[in-house]
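The data blocks that follow each hold one structure.
Next come two complexes, and both contain chain A; in the first it sits with chain B, in the second with chain C.
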Partner chain A sequence: MGDRVRRYFGRKLLTYSITFFVAATIDWLIPRFMPGDPVASLVSRTNGISPDAAKALSDYYYNLFGLNQPLPVQYLNFWGSLLHGNLGLSVYGHGAPVTDMIMGAVPYTLALLIPAILLSWWAGNSFGALAARRRWLDSTVLPMGYILTATPYMWLALVLSFLLAFSWRIFPLSGGYGFNLEPTLTWLFFTDLVAHWVLPFLSLFLVMFGGWAIGMRNMIIYELESDYSRYLEVLGAPQSLVRKYAFRNAMLPQITGLALQLGVIIGGQLVTEIVFSYPGLGHLVFAAIQSADYFLLQGIFLFIIVGVLVANFIVDIVYVIVDPRVRVSMTGGTA
Partner chain B sequence: MSATSPAEARESAGPIISHQVAAPEGKPRGEFLFFALRSKKFMLSVVILAVLAVVAIFGPIIDSTDPVAQNGLPMQQPTLDPGNWFGTTYFGEDVFAQFANGLRASFFVGFLGGGLAAVIGMTVGFVAGYRGGWVDEALNMITNVFLVIPTLAVLLVITSYLQARGVMFEAVFIGATSWPWAARAIRAQTFSLRSREFIDLAKLSGRGSRQIIVSEIASNMSSYLLLTFILLFGGAILIAASLDFIGLGPTGGISLGLMMYNAVTWAALQLGIWWWFIPPGVGIMATVGALYVMNVGLDEIFNPKLRTM
Partner chain C sequence: MQLGKSRVLALLAAASIVASACGSSSASPTPGATPVPGTPAPNATPAPATPTPAASATGLPATDSTVYPREQTLYTSGKQWGAPSTWNPLDPNMAMGVLGLQYETLFLYDPIKDVYTPWLASGGDWDSAKTTYTIHVRQGVTWSDGSAFTADDVAFSINLAQNKALGSNLFDYVTSAAASGNDVVVKFKANPAYQEWAQWLYNSPIVNAKIWTPFNNADILKNLNMNGVGTGPYTFKTAAQDRMVWVKNPKWWATAALNLNVAPTYIVDIVNSSNNVALGQLLSGGLDLDNNYLPGIAQIVNGGYNVTTYYAGAPYMLSGNTAWLVPNTKKKPLDDPAFRKALAEAINPQNVVVKDYGNIVAAADPTGLLPVWSKYIDAAEVKSLGATFSTAKAKADLAAAGYKVGSDGFVTNKDGSAIKLNLEVPDGWSDWMQAETLIAADAKLAGININPTHPDYNTVVADRNGTDKAAPVFDLVINNDVQIGNTPWTYYDYIFRQPEIAAGPARNRNYEQYDNATAWALVQKLDQTPVEDTATMKTICSQLQKIQLTDTPIIPLWYNGEWSQVSNNVWTNWPSDKGAQIQPATWNGYWQMGAIYMLTNLKAVPKS
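The block that comes next holds the complex of A and B.
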């Protein structure tokens, strides 16, 4: 068993390493091949200094970012500092380390993303399985699934904030917490945090929920028409048992689907955060684009790449655990 | 259809069988049309898409207002007056003109971007699935790399070189980056067809791989390919809306995503100008939703097992 498992994960790791290498190289290109000089834009922000001082300052920054060295050396330095967890300094953050800015935003992003993905996957699949071949659900509630999954993330976010925050004032309009509060470990701050979290979470959750529900409903119908389901029915197995087997088989493509959808989901997270000015990575990406802060962009994308790769790897592991065929092929039995 | 799962017996009430006989013999096309005209899902989506297409094609012709020029008083609520059906933006631009032109751009991006993604996905999927071996491994690797790379980062680098970008560029970019899942799906389908006897027969008759892929494999999964294209079409429209919304869309012109971007940037939410951001979202939702419903409707038409009529 050990040998096959090692080969399976060895191959996966090779793919992921190559992907990481290619993606990180593209990422490295961002600050270096952008129009305009990131250093010049940084210097121009320090108002009212003499040309001499500006020259000295820009030299300082060139040295700091290592932009005055030949490109191959810059590239090697990039990997070197990457291994030390050093992603440079942010223009947007007035010289704060990019790593610190990312770490400040990550908790907000993950607090939205992880519950939204897991809960929508669970709820959508359960509901889709329930709706399949049950006419009244299929024709009443399921059409909502099509509408939800066809909704652009930012638009649902806009509508929710217009209705629930602007018109009815149930939830706060934007931000991660109230302007009048400081992040502290108090009950007041926590409830405020949750209140600001609800709407962005709901926008992400609803769109994804629609997609999973539709996918599962269609899968279950395929499975219920397959030979093994028919055979079970002919044997006189109760409907609940047939459905249970159909559900298990239909779940596998939905797990793969989660890995395939990850890019789209992260895109959705990004625009949702922008609508709500939610202080996560998406909001940071937007701010970085607007203020031409390419080192910050580079750092965030690197973080996203690593995050996506880790998530893919987790899906691989889950797949091995859940799919008996993969498991059996690894333990050397005949499937 | 004589098999009797209880679920099916309940839902495919009797007449279906006699209808099937009534369909022209040996002409599956006639049969598809027959079921298409009776599929509520298919017909509903066709009607919705037709209405939207009419607005996208003829809207800008009938209402030739410049969508990005001040055309009236700012922030006018929609009224029944001709020329002000959808109201005006914060800058007095005509929302209907923006909507119709944006819808046109969306259809263009969906068609071209989805089409390009379908072509790449099919090529990669067919070759990987049919050849197998190291070709399959290599193509799989490339597919996986494309699947994981944050396309936004790539787009950012490209946009730095192309200061002026059109809808065409956006469509090509989306097509070039959104194909991986289609390639995977088509590869899996090809893989299952490849070991069939009729493929062996085609090989024995001395036909080339390309011929076999086109005339034996592709033609046997043509319905599947159509469904893939429809999904890519809808997906491209959604991706384009997101790109426009974060300011990486076409420079100049108008699109549905850009309308939402402008609405958010100019505080339509705080000012309560709902008619600025509701139409573009409804337009996208209706288009993509209709495409998805059409997808499932066509699936039921092509695959007798799924029919619930």
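The block that comes next holds the complex of A and C.
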């Protein structure tokens, strides 16, 4: 088995490496097609300074960001720095290292993304499976699922923000933690952090939950109608056993779906963060686009690309574990 | 995989996690209390529903410096468009308050009263030839690190202008600055730029010579200077992506010297987010002073939210800058003064004032001079030459200038080719986006074809400034770069600047590329007029107005507001026309224009 596993993962890794190279190159290229000169915009926002000061400031920034070099050199510099783990300096941050800015934002994004993806996937699948066997659930809650999954993340975020934050004031309106606090290891700060986390989390969770629940419910119904289920029933197998097999089979497309959905979910995450001014990567992306910040933008996208690739890789591994056919094919048998 | 019968239970558990998360954080929506979205535990007695943690929270002493008690904290917003990233007072991109709250200037200037007030200087005077200026350095001032503030610091700060990395033109007209006892003697060349010097006196930070000497090199802007040493009423507390926090400097010199005491212990400046978030924060009392443009503020002021503005009625706001329609005078037909004049006549700024802004701004005078400079307006010139809105006159003038109306109802170029002028404003600037459609509609009535567009900010800048490879490609843009200040010179410098600044980031004057040597000579003469010689200033301004009103290099539209809406829930006694007439803004440059007095005037609302 070892050899085949190595070959399987070797092939996967090669694919991922090529994808990474192409994606990183596109990632470097695209911001540079954006119209305008980031330094000009940066200087332009300091209105009121003298033309001499504007000249000095723009020279300083061109030099700082290395934008006074030819494009091919900038591209080589990009790979050179990247291999040293250096993503350059941010225009939006007036020269702050991009790596620092991303690291400051990543905890917020992951704290939303990971629980939202895992909990919604788990809860959605469980709920969908349940709904497939309970008519009342199927006819009441499932339509809700359809509505939720069809809801744009941003719209749901706005509705939640208006109702729960602005009108009823149950949760804070925006930000990562209260403007009256500094990060400390106190219970007060922790509860505040959680309070600010709930609404953006819910926006993501609810939309995804709807999608998984519907998918699972349909899969289960399909599996319960399939020949092997019927055969098991005819053989007199207990209902629970039939359902167990149906659930296992229905799970596979949902795992593939999870891998496919990652990109979309991250897109939703970005807009949700913007609605709540949540200080994660989405918020930074927005700021980076507005300031034509090549470096920050490419840094964040690079981070997202790596994140999606890693997540896909994990899904690949999980697939090997849960799908006996993949396992069997590796050990030389035929499915 | 094995979920089995526990599935339902697990679901319930998940639901309970969510429910408990809600419970633990809900700042109980007690009516009448002032819960603050964005700051769920604002009061000294925060109301989170979870009893145990709340108890420990209430037990926090007011001096716990990681929790800012609501009644001691001023929440502001409006200056920061991005995370605070540099605290270098010499960098124009410095965080909110670095110059004003932390670093101070030699003088303050009050644009409403046109008065210079000695600040870190106790005074200053010219010799009889007006080529030597002696600054009397205030005694008894200390830096926030406890060291004494001296004449050496002032001389050093002036001489910093020789550092090329800062791009100051001070030493174009200054020859030397040296400490002499408790004074600093500044020597000038003949005919110095008196207006700019006066501006320098109230706009340039005085820094500590000992601390800054090692940084005085080509990389001076790379010194981010977080937690720097200043003389001002506040010192650095903390900063994050979304905020800048200042804490009161208990040893501020002005408390003893001028009997001034800033009221808030903490100032938390919130980085601008979307309009809806800002409005929500203001209405719920989570924000005390908002210096952003918020649509519909007139209704809110009258809506019982305890939100007020400088004026209780229209125009609600002080005027902060003039919004101009800038034509590209290098392009046909905008190179023709007659066409520009007709365009000016075709536009009704009152439409923008009423339909777009709901009366929170005022239409500009034909000279465009801001209300603080109204004494320089030559009423006679305006009456005889000023463009006033009249569609009929615009049509007649266009016809007289030889522009014929084509088959589509729009005037054409003199060679018969179609005219279609793109008007650009940055995407997302909703007030300007609406203004440009109103302007286009007005122009259409007079037969001028304007196409309102709103590309992103970077495109507008690139089109307007051009690059080292390409000339500016814009037809028309709206711009408001000149803020109120001590002298109309800044404003005429903005319009008439010569020689043309190279296209690219440094171009921040004369976007219209209008060449007029006579006007430029007058602008320089104005610069070389002492600030107290207002008679000469008026004469020169009136000559400039004649040129401006004849040639219409740039079209004034309306006075953009000094956006400022304040909540009276926690702090009161805000600047207003009925009370203290003070600039109510946190923007760069406004602290030294007297906004610092806003902080010494504020009163905490007693807790009911």
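Criterion: the second predicted complex is superposed on the first by the 293 of 335 C-alpha atoms of A that agree within 3 Å, B and C clash if a C-alpha of one lies under 4 Å from a C-alpha of the other, contacts with A are read in each partner's own complex, and residues count from 1 in each chain.
The rule is short, and it goes like this: a contact is a pair of C-beta atoms (placed from the backbone, for glycine too) under 8 Å apart; a residue touches a chain by one contact, two chains touch by 3 or more.
Everything quoted here is computed from the prediction, not taken from an experiment.
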After lining up the shared chain so the two structures overlap, which partner does A:M219 touch, if you call chain B first and chain C second: first, second, both or neither? neither
So, does A:I102 touch the first partner chain B, the second partner chain C, both, or neither? neither
Which partner does A:I265 contact after superposing on A: first (chain B), second (chain C), both, neither? neither
Between chain B and chain C, whom does A:A116 touch in the aligned arrangement: first, second, both, or neither? neither
Could you look at A:M154 and tell me whether it touches chain B, chain C, both or neither (first, second, both, neither)? first
Determine, for the superposed model, which of the two partners chain B and chain C contacts more residues of chain A. C
With the two complexes superposed on chain A, say which partner A:I30 touches: chain B (first), chain C (second), both, or neither. first
Looking at A:L281 after the superposition, I want to know if it touches chain B, chain C, both of them or none. Which is it: first, second, both, neither? neither
Could you say whether A:L173 touches chain B, chain C, both of them, or neither, answering first, second, both or neither? both
Which chain A residues are contacted by chain C in one complex and by chain B in the other? 34-35, 166, 173, 274-275, 290
If we count contacts the way the header does, which residues on chain A are in touch with chain C in the complex? 34-58, 60-61, 64, 92-96, 101, 104-105, 119, 122-123, 126-127, 129-130, 165-166, 168-176, 178-184, 186-189, 191-192, 194-196, 198, 202, 247-248, 251, 274-275, 277, 279, 283-284, 287, 290-292, 322
Quick check on the complex: what are the chain B residues that touch chain A? 3, 5-8, 11, 140-141, 144-145, 147-154, 156-157, 160-161, 163, 180-181, 184, 234-235, 238-239, 241-242, 245-248, 257, 260, 263-264, 269-270, 272, 274, 277-278, 280-281, 284-289, 291-293, 296, 299, 305-306, 308
Provide the residue numbers of chain C that touch chain A in the complex, in ascending order. 1, 3, 7-8, 10-11, 14, 18, 21-22, 24-27, 29, 35-42, 46, 48, 50, 53, 56-57, 60, 65-70, 73, 75, 81-83, 85-86, 91-93, 164-169, 221-222, 238, 240-243, 245, 268, 270, 273-274, 277, 280-281, 284, 286, 455-459, 461-462, 465, 467, 480-483, 490, 497, 501, 504-509, 588-589
Of all residues in chain A, those that touch chain B in their complex: 15-16, 18-19, 22-23, 26-27, 29-30, 33-35, 133, 135, 138, 143, 146-147, 149-156, 158-159, 161-162, 166-167, 173, 214, 218, 221-222, 224-225, 229-230, 233, 239, 259-260, 263-264, 266-268, 270-271, 274-275, 285-286, 289-290, 297, 301, 304-305, 308-309, 312
